[in-house]
């Protein structure tokens, strides 16, 4: 019926006119602040980061070791059995090279982003992190081994950023 | 036509804060309890659809839907979010089963207001950005405006409202799920801080954390899952208008409309006679009275008299909010309406312990989405 | 399907899609709904229920924005509800409209998809910074484009797909959009243009991506009884499907959207479709990025895994091909006001199945069409199958 519709409404305005105040607008910045409880599983993760360890969760039924840890096994729908550290080494599952910041502005030095499948966790259990100590991003390869570079112990604050980045490394 | 029953309920209980668990862990507990209650069903294969009733800014996430499936056992299954009132969630599950394509549907709702540092600023953020929000102020002044108009139009009094607070806080002492049980009297309400004239602090429900999951099933499978299915006789929901300037401040039109829809479906013509007890929204004390009148549980202007005579008390002829209501159980954001449904199910099953009502067959649950909305739902449930 | 009710689509409408529209979200909802009602030959008073599909509140800048939009969408004093499954919302909204009518509870339902992204200022991308886990993701500065680039790269790696094969989708959809009266980014571009466009987040380049947009679209649904009184040419909703995968997207292999397959299987089963590429005549597949059209064709089982680029290169997915995909111009061409974009896809299938798509009309006489959307953390699929 789109051919029967004679007029489609919608009046475009330019971004410039909005910026220049030529389009009537109301500005408001909401005051929204949260203090989330980390809960049982992620408290372990946070404490682990402080201690320089990546903590996973193990389900004895399906035998998976999961990272990030969770209090329940989503496959078996049962509480997980234990929290155990996995290794801070892994392989690159996929990667990208970002020239864009969160506000869509552009950055000169690209951020190297990767999903890293961690050693010691079950197959395909990756985490999102960034890569460092790579001079040319074309050196990054799928399946490449990487290792976490931690902040010094006295600078760690219980955050995923206690790992500064993952760097390429050769086993042995 | 397919009949639909509630065959499982799970609740974490409500607390003023819950720093020990994340929202995911809260949801996991409620779901685990509900699945066990519904004949120990396995969500990984036995549930045909899952509904989560949630709203982004209550959670601190954009697209909160992303964070729901794992803890409900709904990974790679048919889950979705309704950003609405929890009785709309119930109505949605009801419709799904009535299509004939779904036999078992789970409905989840939770509130974790203790995760929010700026709760009332977020409520303000729901107001019209051009016309209302710039006026500022605590958003609950809207409830003050409405209460004043309601009392003016109906002749109910501030004392009647205070009696609601006294009754519901006391009822909550008999409910292990409730966060705000207390023995208070009318003086306590009157001498509590004046907040939004004519409203005092004790007229206002306070935030509470907790989660509830309900399991619904078609008549074909309901009795296999639970010996005492609670039948949904009718469910309705309505939005009056978001516009503060156009809405009715004296009477709760959304409640009238949602109730008429539910009554039509349940074939109820005389609610005050046919309904044995009710759980109605009481986020503010006057709301219980206003909603009773909108639901035709009494005549306009009569609600205050009923509470004064004890008719709506636990031993009265028409007990209202035996659970403690929102004033007693706490304001659990979208789960506030689920609290009302939960209590009706527990009462109709005969599982309410020391607060059990005798010989109840038909119960009503009603909800309101709170300030600044004019949206709510009504459900009529029965154990026969 | 004894005792199961059929549901018809009897009207559709939409606004223009633009980067910034002067109209508010309420006004856009009203405009799209008015056209849909008009085309269906109904008045708002004939509408018994309303479903709103709209994505994050952070775009419009209103908490509980479903409530805020209610009067614009015709929800005044009506049973009105909002469904929300991220980017999957626009197609999911018609699924929700379907059960309002298929349950027998209402004989009409107005379905509205709305998004006013430009209210999130200075850039709608801000809204996307809060879609991630607050403990293990947000501190890294993660953005939406990162995660799609990661998915695109994995898909390319596993199947050995080249950028130039993917760019063909952008070329096709932007060209298709030249014929859409509401389109924001209709254009004649070449594969080279895509490959030479600014690198945003490798392998994603500027012309691989749909724009941010304002807009609304709406549909009127009716029971069989009502539909037959109003039109000789109803379009039936014969299958609906939806599915969600785990929140933990870094624990999944991103090369294949299992959840889209699961949603499609649900819809195909309901519609009695056994051989999708053969039985589906035209599809609107979610294409916020060019690779997503290919990825989703495979998830929908319209192409075998890794084979969608081949079909595209052979011209099968062109408007005059054997399996036209996104004849509207899709999100890449018409624009991407999140929930409204999915609903626009449903409108397009409705118009295609009625033979009313004008210059965009696909060849032959399409009888069965599909619309699909995708959302959340690369984890949601929503599908509708319609027949004339």
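When the chains are written out, they are named A, B and C in that same order, and each has its own residue count from 1.
The working rule: contacts are C-beta pairs under 8 Å (C-beta built on N, C-alpha and C of every residue); 3 or more make two chains touch, one makes a residue touch a chain.
Keep in mind the model is a prediction, meaning the values are calculated, not measured.
Enquirer: In graph terms, with chains as vertices and touches as edges, which category applies: line, ring, star, complete, or other?
Expert: complete
Enquirer: Need the central chain here, defined by C-alpha centroid distance to the all-chain C-alpha centroid.
Expert: C
Enquirer: With chain centres taken as the means of their Cα atoms, state the distance from chain A to chain C in Å.
Expert: The computed centroid separation for chain A versus chain C comes out at 26 Å.
Enquirer: Between chain B and chain C, what distance separates the C-alpha centroids? Give it in angstrom.
Expert: 33
Enquirer: In whole angstrom, how far does the Cα centroid of chain A sit from the Cα centroid of chain B?
Expert: That gives a centre separation of 37 Å.
Enquirer: So which bits of chain B are touching at least two other chains?
Expert: In chain B, residues 57, 60, 69-70, 75, 122, 125, 129-130 touch at least two other chains, as defined above.
Enquirer: Mind pulling the chain C residues that touch 2 or more other chains?
Expert: 61, 63, 128, 133-134, 246, 248
Enquirer: Multi-chain contacts in chain A: which residues touch at least two other chains?
Expert: Those would be 28, 30, 34, 36, 38, 42, 70, 74.
Enquirer: What does chain C use to touch chain A in their complex?
Expert: My answer: residues 11-23, 28, 31, 35, 39, 61, 63, 118, 121-123, 125-126, 128-129, 133-137, 139-143, 145-147, 149-154, 157, 181-182, 198-204, 214-215, 246, 248, 250-254, 347-348, 350-351, 354, 356-358, 360.
Enquirer: Inside the complex, what are the residues of chain B that reach chain C?
Expert: Listed in rising order, the residues of chain B that touch chain C are 1-2, 55-57, 60-63, 65-70, 74-84, 88, 91-92, 94-96, 98-101, 122-123, 125-126, 128-130, 236-243, 246, 253, 257-258, 261, 265, 369, 372-373, 375.
Enquirer: Across the complex, what residues on chain C touch chain B?
Expert: Listed in rising order, the residues of chain C that touch chain B are 1, 3-5, 24, 55-58, 61-64, 66-71, 75-86, 92, 96, 98-100, 102-105, 127-128, 130-131, 133-134, 241-248, 258-259, 262, 266, 270, 375-377, 379-380.
Enquirer: Report the residues of chain A in contact with chain C in the complex, numbered from low to high.
Expert: Going by the criterion above, the answer is residues 1-5, 8-15, 18, 23, 27-28, 30, 34, 36, 38, 42, 45-46, 66-68, 70, 74, 93-104, 110-111, 113-115, 124-130, 137, 142, 159-161.
Enquirer: Considering only the defined contacts, which chain B positions touch chain A in the complex?
Expert: Within the complex, chain B contacts chain A at residues 18-25, 28, 32, 35, 42-44, 57, 60, 69-71, 73, 75, 112, 114-118, 121-122, 125, 129-130, 133-134.
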